[in-house]
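Per-chain residue numbering starts at 1, and chain names A, B, C, D, E and F are given in the order in which the chains are listed.
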């Protein structure tokens, strides 16, 4: 059961001057792939099938926080689009046609879709998906901060970016508690004997080697074409 | 520049008896969210913007292998749908309307979409996204193996599952080489002072605690409602 | 700011026996066009641009209730899919591939999309959209109730259907308070002189007349083709 | 069976000067959610399952008119994009890549999708959906009129907006003839005893009350959290 | 300007017995990629930018016929789903949830999308796209005819398949009148000197040669890898 | 089995000056409907069900070339977006939010979808679909060449356009080898007696006649309305 208080979760959202073009970029974190809706719904829907009571609870705690962040992003967009109807900047944005305030669209005007979500069947898969989701969200916040038009907007975005790192830490701790933060294997199917092969399938006449193909963990096949010939 | 040899990458794909209903499930790994096309295209498109030559090469090596896996899944689907047109089982599948062989659809008949991909802007984000992609792919292979109709199909799928684990190891090694496998932070923006807060936003009258909210890494706020009141 | 209590909003969700095929139908109200996510997000996103404080609050109250209903539908789906992995019924559903529990998909396996939402620019438009959304949701619940496999499932769905009617009443009262429940006109643009014309464009040699084209409100053009000739 | 005359339904579509940037906004009513294609297809597809002969005929009459309006919007877009290939304004629009003339895209370049439609199962649901569709269409026309570049374009759009109001009146009359314009209830399932409850789930320390939660029609639950505690 | 007569264009649509499972397959030609809506909208939207008056008229004539065919497919689906609510066959189809009659979905329940269309910028491109669209439509009709449950349904589908061939002939004649039915080149950009090269990029140790790579029209590069080495 | 060499297939991709706005247009051929991914995947997926060994091989040869062209377009986009982060031009593109380099999006920011593909069931349908796909690709390249910002970009695009013509020739030769380049009929269902009718359904008081409706191949029905009356 959900409840709502009209105050925002951490601090009030203040901006200098409405900037509807920037508001369109902000949509990326409201209705975009890496946005708060994606995070909230992904973690929350996972909580239905995750068996571990503690991790289930964590997923719900963070999901509810993400809904509250979605609200903060929405309020930022509202501030950057309200009462600016007569400006040229407004006319060149989707808000001129769709109305002021947030919409579940990304910065390019594409509607949010649940195909953005990665979840199902196993808690390890879910937690890895969540670390990736947080990485995407953080990356988009960094992009938005770089072009933020005023200090108030920037501070709100830095806070939201901060919390993505906090959540990443939580997900890493949870994954580590299952022994799966640094262990590639999980699940119930035993891999076959090819598990340590590295195929050098893309070539330029020189070998690029690194920890991901060079140590005792890997059998490096330098020329898979020849092996096939 | 790409090349192709008509043999499959590892072993021939053999099945007992065509099973078009199972073929429809297999579409999940051909044109579905967790399928080989998603993996191939995600890693390959990342290789354009990743600066590190070694990691760029690894992304291309693995992407090319995933294209070869896509081909193996396609051949499995082809085998399970060809020359079976008169069976009832065939008539209840999408192959009766769309034709035999693979299509870029998932097991529910939804077309593949690039919204499945998670990539852009930073190699740490990309690698985390890839570990998550591999986890999803592995999970689906496990589901498919559990209901596989014959030993040949099963062995092919176990091989494909195995390679997802191999790739996970490679991506983990690469992420670890950047120091980011177990460190939640990355990028150029400093988090604010709220980075260690855990909000207990979903409650049932008892506290669920775990490594993700209980140690010295976190400030646990047991009752955020009250703090707001 | 959002909060969550782990109990469901009204009553516990009890079922007789897990029925994964029915669970797939239930997805229609979790991740489908007429489902609870559509309702929750549509009303909530409207609340950002609606100016009237009372209607804004109503939109938020109902949106939060819809999130709680989404949770109830999710729990129904969870109950109908958990611990049933070995049944034939399970194997023929999308849960065999995607995992047990709810997903943001409709009964046909199509991912939820924000293109389902109708909102923006004007509170009258929003409220009319909401009455339509409730009508769609009610209709789907009726369809699901007709084929419900057990009494517990049925009672939960009757409750959810009931609340759609409750919300319809609220939206009608709000629309009526603006004088727009029965007045076709709203907004700032004056219609032109064609506003009372009815074009009889689809014909079968006889005139179908009714209150929607026959009284003093309408100028009926029986043969628009001839007028054009 | 359909027929077509090459003249437009009401008046010729005249513009001052081609304006390809504005043409892109106009796409919203050709291939967008609230556009004429959505209206035409929604009403027409409903006509197949609606039993009442008069309402079925009305749905077809209006659907055919909406196809004729789609044509008028298409001609406006054609006029605003043809023979302007060398301008900078043209180069910054999607017409530079996709070609002059209308396309089934919205103003943001997203392809039209049938997920925009709301229909099925019951005529009351259909008519409520249509009143909502008309409200959305009217709202978008108002937005487009506000930024229209010339008088001819504006007049055409005012006519199209006018007819949305006309159709709203028709749909309201039809709904009223079924007794369902102001009655929230419809269909065959009796609601349960919670039908008159209003949950105050979003709070700010003060009660917002209005006709939608305050009169004898509603039992107002001021503090659902406490009731749960 | 469009008109509609309630009779179907050619013959009445008669069926033996309602078959809702087959009706779901029929959706492929109502709201699917190769269906009548795709054809109608593709040809009609092309008519806005095509300059040649005769070809423009042909596109409109055929588009209007396709709308009339869409109606025939819709009536078939209506007949196969109406008054069958209590059957098990009905319950296993999407009509149980979405209501009887046609919907703009394909046989897998995916919503129609304008991404199916291929049009724009040049009449040669448009006509080639139309020949391809007709080929897809014909192919699907053949699939549906093969599993048609009764003679009446079959005859209607054979008629619709017939007309796809008729349209193909018209489009071929039109393309031929432009000299572009058998000439690969069109448009305003001169190709470079590589136009006659054939790259043998997919190999199995033997050369597959045919008119598409073997005559005087082509320079065959048997081993592009070696040339690159 | 696929392989990759890091050189591009024909010539190096060189540009004068990075132009991120133009790079966004180029996305149309990377992740757009007419782009190289569509071509590569369409031809390759067809090769699974096509029986003729020669045509199967041709489809694979061309598919692999299209993957190599996708790479060239990707490199163009990379060049036009890398190391330009501080420019205003960059900030107004989707690269500011999504990162530099290519993404599987079209020029309007819509994600690539497999609904773009036309394939299945019959080699004649497939080859016709491919000729249409090439026509669309060629048309988009012409549009892009017209607004190309520098000579290097233009030359690369002319090469890619050239190869679309080359492929068209190959597909036409293959279709001709089956006797189906100029014959409208194919497949296993005999058309009915209406195959030579032309319906004049869109009128303007004068008859537009041409080879597509006027010779001995067609029975022209000038007034289908009257015939129905």
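By our rule, a contact is a pair of C-beta atoms (placed from the backbone, for glycine too) under 8 Å apart; a residue touches a chain by one contact, two chains touch by 3 or more.
Here the structure is a predicted model, which is why all the values come from computation and not from measurement.
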Chains touching both subunit D and subunit E: C, F
Chains in simultaneous contact with subunit A and subunit D: C, F
Of all other chains, the one whose Cα centre sits farthest from subunit A: E
Numbering shared by both copies at the subunit D-subunit C contact, with half separating same from different: same
Pair joined by the larger number of C-beta contacts - D-F, A-C: A-C
Of all other chains, the one whose Cα centre sits farthest from subunit D: B
When subunit B is superposed on subunit C by its C-alpha atoms, the rotation angle in degrees, nearest 5: 120
Intercentroid distance (Cα basis), subunit F paired with subunit C, Å: 39
Geometric centre distance via CA averages, subunit B-subunit A, whole Å: 16
Computed distance of Cα centres, subunit F from subunit B, in Å: 29
Multi-chain contact residues (two or more partners), subunit B: 1-7, 9, 60, 64, 68, 98-99, 105, 108-111, 113, 115, 120-122, 139-140, 143, 201-202, 224-225, 228
Residue ranges of subunit C touching subunit E (in the complex, touch as defined): 25, 28, 106-110, 139-140, 143-144, 146-147, 201-204, 224-225, 228
Touch list for subunit C against partner subunit D, complex: 3, 5, 7, 9-10, 33-34, 53-58, 60-61, 63-65, 68, 113, 115-116, 118, 120-122, 124-125, 128-129, 131-133, 135-136, 138-143, 145, 155, 158-159, 161-163, 165-166, 168-174, 176-177, 181-182, 184-192, 194-202, 208-213, 217-218, 224-225, 228
Of subunit B, residues touching subunit E in the complex: 1-7, 85, 91, 94, 96-99, 105, 108-111
Complex interface listing, subunit E residues touching subunit D: 1-9, 31, 37, 41, 45, 48-49, 60, 64, 67-68, 71, 74-75, 77-78, 82, 98-105, 111-115, 117, 119-122
